[in-house]
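Note that subunit A is present in both complexes that follow, paired respectively with subunit B and with subunit C.
Then we have the complex of A and B:
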């Protein structure tokens, strides 16, 4: 594990920061909850509609809240020129990315732990007891989304409108993950194991490809 | 740009190769040739090629729509290649080229979407359907729109060319995955009639295929013309910037000198 020590150090630092200021994660959760609330107003849904809109509302809220979070978690490094300190440290750029990526994944999963039960209750989502399989899908999709999100937060930080640009860059590229989350979850609810495995596989392939590419390209983006 | 001093031409050496100068010199000819073939194309489309039996006039949009779509994808392929070359060689040419190709690709994607919608209204009965190809093209439009916005919002002093190159590569790598995911999601677009492997061009009558190929050539000429024009403009703008800084510097140096003596 010693090779990953720098990444773990960054992760530990980020976790400590978030735990000392729970407000920011709490605000994100409230924001995501509000997105779920707003979706309940879309098209005056009947109980049957709710179950159809539910997965979309859940993933949209994760997507939106995530975009806010990634921007914030990276902006944290820009304050007091902390990023310069990190860049000066004799540590591979890849390690910096792995640490930030792991942090983003962890925070997003924490948010989802609150969000998924809430959405399931409010939208009467029924997975027929296949919660473990759903958790696996959730984790795989979140890992991929955090990779892209962390990477593009670094990209957007090099502009004068990072809060505006991050979602614009991130959302179109995240479409496969969004579809995997929504469709995979619905296949699970409908008991179509084959379809579920296809979507899970797609999300996994996405994670591997973009996890690798983003890790490799991170150095190119953050260096001055 | 021949009035630039020799040493500065050396500075922009990658943008001053013989090929570049040749292309810049023949640029007006390419432009006029493009206009000519475009007029010819429209002549073919409206007077020569027979009316399609089922769809009637709306089918003629096909001759604009398909070349636009092909060239849009070509442009994004060029962005991808130029981005890799820029990260590898760090020559200004590839940065400028990637940016200009993205702009023109964005333009042609817009054209593809608009002509597709105009066709969809009479044929499908709706301007838009969430079919796999339409959705992929729309996502593509957003990706490269974001790419251009990223460049537009660059923080002063940031090496945005390098960052944009990475985004251009990642964006292009994502396109097949996006297409596959959206394809699994749904599909309605008419199946390809030209690029069928076992029977190239087989799905189309000869007159329609000829018209399509002529149209493709004229659109390609317009594409090439716009690309050279934009690269030349961008390069001229960069050279002007450089000259301005230099003049500023020599001016200031001269004034300081005057004050001392």
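Then we have the complex of A and C:
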């Protein structure tokens, strides 16, 4: 049986739960859509302005909606103390984190699959056919953001003010990833392949850093 | 303040040990420590002769825990919950094990119902199935009778008796000795983290309940 079987079991369980609780992803999508829409009407922008702020609006919407989602997804483990059920299992804590992290990444990517076409239309984003490169950037940034979000959702869940605490912990550390997403997207739109690769590389480096630290520290955070 | 202080006991297979105490006595801490959900600042636990607290994660399958929380996901059915745990424990022959666990807990009829729709007693039966799914040798039960009506208490005690005669070592905590299964072999009375009295099944029939009440009253008076 695969080493990653427990992580895959958690991922499959989270997907099943999410499919039965569509309100979570639906709420995030509506919220993120509103953020994108509001940005599009700030300061009576010209088409050129829209194209310039588009990537930023897209990432801001993902950032805010993601924070909503992480809190909800981890709250499922707190209900009926299900987290203790996970901790009782003969599974290394790292595997538990990998399962939750994979779920967070998958759900964010599902959200982005809805948001990107909307943002591209509204902001008239023209990547000149470089959508595959944009998708790669999106995936890399999302993986890092999901690592942070999953980790800090676990931290915040142990407190009485988890909804308040999560953004306070999550957003400052997400800045490098957010910058990589925005700047990398703009470099792609401007056809600056070198700059795009630099930002993608930065996002990858933060994925490795955040992924490693969060995976190693997860056990300490969830144990009492 | 120490949650548990100088608590020492042994438990054999096929034995049911009851740890009784009022709220705040340290019963849940004791169970969580043995289950390795909490780490003690000092002391040691041996399981089957080997050090337990630092044993590899894989040995966790030797312990099953039933708490007042169900550890179930409300939006999954009882069977789906058990399927998830079976995958988490990397159990082979999952379908047969799930069926056996549900049957052992008297919960076969609940398999298709979502956990969030179950009554307290029904959820407790499914929780027992979850706790014995991986066939643990040691079963920890933290106030398993809490919130159950008399019928459900009798039913649960019947299931526990089956599990005990099946060779499992069972540690059960309670604040209500009247609900304890008849087959309980030994009793410890825990007050403020310390064992203040102990007795056997015969003692239980001859005044252990009164001693328990006295110990709890004495403790309350000292507070």
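Quick notes
Heads up, the rule we're going with is that the second predicted complex is superposed on the first by the 223 of 224 C-alpha atoms of A that agree within 3 Å, B and C clash if a C-alpha of one lies under 4 Å from a C-alpha of the other, contacts with A are read in each partner's own complex, and residues count from 1 in each chain.
The definition used in the following text is that contacts are C-beta pairs under 8 Å (C-beta built on N, C-alpha and C of every residue); 3 or more make two chains touch, one makes a residue touch a chain.
Keep in mind the model is a prediction, meaning the values are calculated, not measured.
Using the contact criterion defined above for the overlaid structures, shared-chain residue A:92 touches subunit C, although it does not reach subunit B.
With both structures placed on the common chain, the touch criterion links A:202 to subunit B but leaves subunit C unconnected. Of the two partner chains placed around the shared chain by superposition, neither subunit B nor subunit C is touched by A:75.
When both complexes are overlaid on chain A, the residue A:6 reaches subunit C alone and has no touch with subunit B.
Shared-chain residue A:15: touches no atom of subunit B or subunit C. When both complexes are overlaid on chain A, the residue A:173 reaches subunit B alone and has no touch with subunit C. With the contact threshold set out at the top, residues 224 of subunit A are in contact with subunit B in one structure and with subunit C in the other. Contact residues on subunit B toward subunit A in their complex (touch as defined above): 87, 139, 142-143, 145-147, 149-150, 153-155, 158-160, 162-163, 166-167, 169-171, 173-174, 177-178, 180-182, 184-185. Here subunit A touches subunit B in the complex through residues 151, 155-156, 158-161, 164-165, 168-169, 171-173, 175-176, 179-180, 183, 198-199, 202, 205-206, 209-210, 213-214, 217, 220-221, 224, going by the rule given at the top.
Subunit C contributes residues 32, 35, 37-39, 57-61, 63, 65, 67, 69-76, 80, 84-85, 87-90, 115, 130 to its touches with subunit A in the complex. The touching residues of subunit A, counted against subunit C in their complex, run 1, 5-6, 8-10, 12-13, 16-17, 20-21, 76, 79-82, 84-92, 223-224.
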